[in-house]
């Protein structure tokens, strides 16, 4: 189950310290011009070593496209790609061979498979998300031609939360700071908090918000495969994600119907809603308003402190991880959220084409 | 996309005012004794007309099993079933033919399909969830034989929230009150709130919490199809659901790694964790601890007040819905949450059998 | 795995002597007028008891559509349907409970599932194909609106083979005789052979040929899911089918490239081929020429003679099946071949819509 | 649709003259030792340039495994692999840019996608089957541990047909001659025929037969996904395949039930059949006897003669292909047939594990 999507599908492979990670993107519409540099730009947003607040690992994360693009345009055939794993310090991980790190996947992988690549988390490493960024970057380019844009940003780090509605923010500011928060004041506080947490050898959680504009009405499926269910599935597949809500979300639990229903208004020929508590989706199908949702991330489980844990034979051991880990996953999760969103929306666009003959 | 699951799969059909709803359950393990009365009991938990706080519609919701069970045991072949739609008042709905109710799926279905069954919401009616309860009831029986139990309950209605940890509750009390809240005091407040809201012609949202015990370690898939992503997909496919989180969930966004990592402890041969902020899942794979999660539901969009809306030709109209609607969807959502959970867990149990040869 | 198709998908259920058989058709394009009487007509072509050369069982095979069609048009939602099993003589089958009939699925089902419905073959009965005829009849109606027509016919019964090319036949004659062979002379010989074989308590095999006209170029998938591979999968899923070939087929094995390549010709703007040894498919994708293929059926394994076999405890027993079995499956297989073909082609039409955005 | 299989799944990518071809194998059982040299051996069986009777192209076809195998054993995670395309003579193909070769996929790809990689057939090149050989070689190794063996061989080239039953052949002799025919006399005749045809600039068709021994009873699915339907789908996905039959196959069409039913015999506790006209599969499920089937291949469409054809603007042109093409595809198809068979059987073994809980 390393495939995501129905029509536009990514099949991902790779352990963090194997020869390479990569994937195959199937169901790509044919004849579309692809800007390869833009794919690399998205990868660079996700890559470690960008700033002081993320892991210091140096991974160049250069993607090699192996097929499916010919003379700059998609062939409609699968796009195979790899990203080589350059920065091996596998010996660093030898002490991990028999160690179960708390709140990581070491133990669960071992139980499930009876074997695991213990180096750097193997398949469970967040490095795997680079493959998603590639598939998402291509999807984003295709969606942009349809006028659909996706913008995610950091809306909370620890107890520093950006309460402003996304409509009051200038989302073009997101990339102006390393936290990826479009509000400068909040960004400064978040950055300060991350540095403080880092200096304590600790980590902190946060929230990524995401907005999709320009989505036509009619995308999504009515029962299983509701558009928001696909988004939830996509978001919860990202490492460290613990929750998802859309539109009024969890806040709606304490509200009344009379204050939350979105009344229709007619704007010439166009039908809109006065408010958008529905988050752009009604009955699982997009209604043409903006889609917006939130993804909660837990604090990274790798602390830069001494931690007591157990070995695979059940003995106590003390673990002291060396540097190069993110004190907060959220800034680097922003492009991954966008990538997974792009895959979901493009898949829905393509699937919707089969509604009529 | 009316199929859910990989191995244990429900394909659902039916409009609320057509001849019948129903489904086909494929991938059912062979040779398992099934108690048909228990399936009906689960359906009765979901059915309208149970109490003063739910819709007064009378639907007997009798399931007819048509195949796949022979002399009381599963054949391993698909279980086809139908639930006839007995309580037709289709004429009541004639005024709905050209009406788009706010925050319903009338408009989005019309845009997507160019046609819709306007009677009672058609395919978008929550009546469809009865089919899931059937598939879930069978899954629950199978899981129970493996020692896996699923218990959902109402943990919030409007601003009445049950803050207690599930471990401090007696979940066998859930069915003792119509709200399905295991805490008697909270249940009374929730019931009072629902009745108050109902008397105002309004509706209110809430939260369902769910706990799965007895899950073996090793279920779930590492990248796409993480166990919690499957649960999120399942939960967000339920009508009116707006959010999902598991383990520490959204609360984890404001926490530190040092306070949230679940340290391992050895209990003889068994490996456990001291705390369970992970919610029983690490790296997408169950770790043997309890799985727990929350599902947020919005207030039902059908108010018993006059509402101004538009017709499909864009004209203003006033809508006054007659009785028989739920003021709060949460109590009746509890068995649906359990059903979808059972399907996800059983599917994961079966899929995990293919990990080794 | 009781689902067939990617977009237009049939999920089938039912044992031959349970309450009903039926299915759910998902992915049906929305807004299409459906003639329910035509569906019944197709079912009547498949139904037992039509003539002296098929089984004498009386099954009325009335289909009940339960959802997905509203005021005569498809809703785009799943079409659920059932066909009740009226003609139960289950006691007739009590002696079958512990018997493994030779060349039937009794033994293999028992080994696989550890349980089986022994009455009339249960799930392995050809009665299941009635569900496919329903799904195929709907697909046929949809395809007809696109100018795509499907015509199957009996081209061989035992050693009576119709060697004529399909282009020299008048396929509108197929339904004029019970054998469903468009050549009257051959039809007479086939009928005589079937009656002779029947009088001997024996059975005989045969071949169904099928032609699809009006298929646009571009349908099918390049690697897996080649259009002819889909057809092969579909045809070999029909009871008693033993082989499939298309275009020049097995005959091509003894031929040279120079005599088989289909040279292009231009007919105004249109590109055609002079010959059609390719059978309308090149590289897995339709080229706009007629698609034609053959399906070989074995002689039915149920003889009306005394047969020695074994019980499920390995004891020898003598089996004498009472009447009501087909001496030759081919005439009733003709509508099933058409139905499966229609499902494959419609699925390909819908999937092809996702090739471009 | 570049994915094959349900549990053990190959997703293939690559154009023949792009950077590389390759694939991702998902659903691989965990903890199995894999002999990488054996994978290469299988690739070498398929590779061009082995002998005088196949294409003279030099492709080293070295596979690089990128993930999923760790310290010699499968991790249960996806196996990503690539085979670089070393032997580019892309300029040779410039004249092909606007040319539609007869009975190739040039025209159908162009119609479907509106774009194609014209170099060497691009995605439609038989080079793609190298990826299948990799996935099949791994499947074969896993199956061998379960006592399941797969042996394909050339049973016909042109009109030189090997009529002997496979049970009378010594299948270990298959690799002793370049034709891959286990009967030395027939092999000599086949080889002579291929050389004669080659000298004429022509090509010739043929048949590959395949036998699977050691298959346990119970594999396969009862309705869709019958074991032989999966095999048919797999075989018809191989380039140039035109037909498939199994067991008595097309010959059964002219036979009687009384001469073809396979009577049961008890061999101690074991149940067998006296004859095996069923080809080891009854009702879509394996019965424990040998599975055997045939695959018909057409003569390769690339002739080494001058051929008249058209350009993509409909103009007549004369095509003279330079060397390096197979005069008969059959010898190199043998390992591909085995590979696809191995994938189907392993997939069925894994899926069957979900039949019981």
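The letters A, B, C and D name the chains in turn, as written, and every chain counts its residues from 1.
In the analysis below, a residue touches a chain if its C-beta (ideal position, glycine included) is under 8 Å from a C-beta of that chain, and two chains touch if they have at least 3 such contacts.
None of these values were measured; they are calculated from a predicted model.
Traced through touching neighbours, the fewest hops from chain B to chain C number 1. The interface formed by B-C recurs in A-D: of the pairs listed in A-D, B-D or A-C, only this one shares over half of its residue-numbered contact pairs with it.
Centres computed as Cα averages put chain A at a distance of 39 Å from chain D. Each chain gets a centre from the mean of its Cα atoms; for chain B and chain D, those two points are 46 Å apart. The geometric centre of chain C is 26 Å away from that of chain D, both derived from CA atoms.
Of all residues in chain B, those that touch two or more other chains are 1-3, 12, 27, 30-31, 76-77, 112-114, 123, 222, 351, 355-356. Across the interface of their complex, chain D is touched by residues 7, 27, 29-32, 76-77, 142, 145-146, 222, 349-351, 353-357 of chain B. Residues 1-4, 6, 12, 100, 102-105, 107-109, 111-114, 123-124, 128, 156, 158-159, 161, 197, 202-207, 217-226, 228-237, 239, 242-250, 252-258, 260-266, 269, 271, 273, 277-279, 281-288, 296-303, 305, 307-310, 314, 351-352, 355-356 of chain A are the ones that touch chain B when the two sit in their complex. Taken in their complex, chain D has these residues touching chain A: 1-3, 9, 11-15, 18-24, 26-27, 30-31, 64-68, 70, 73-80, 82, 112-117, 122-123.
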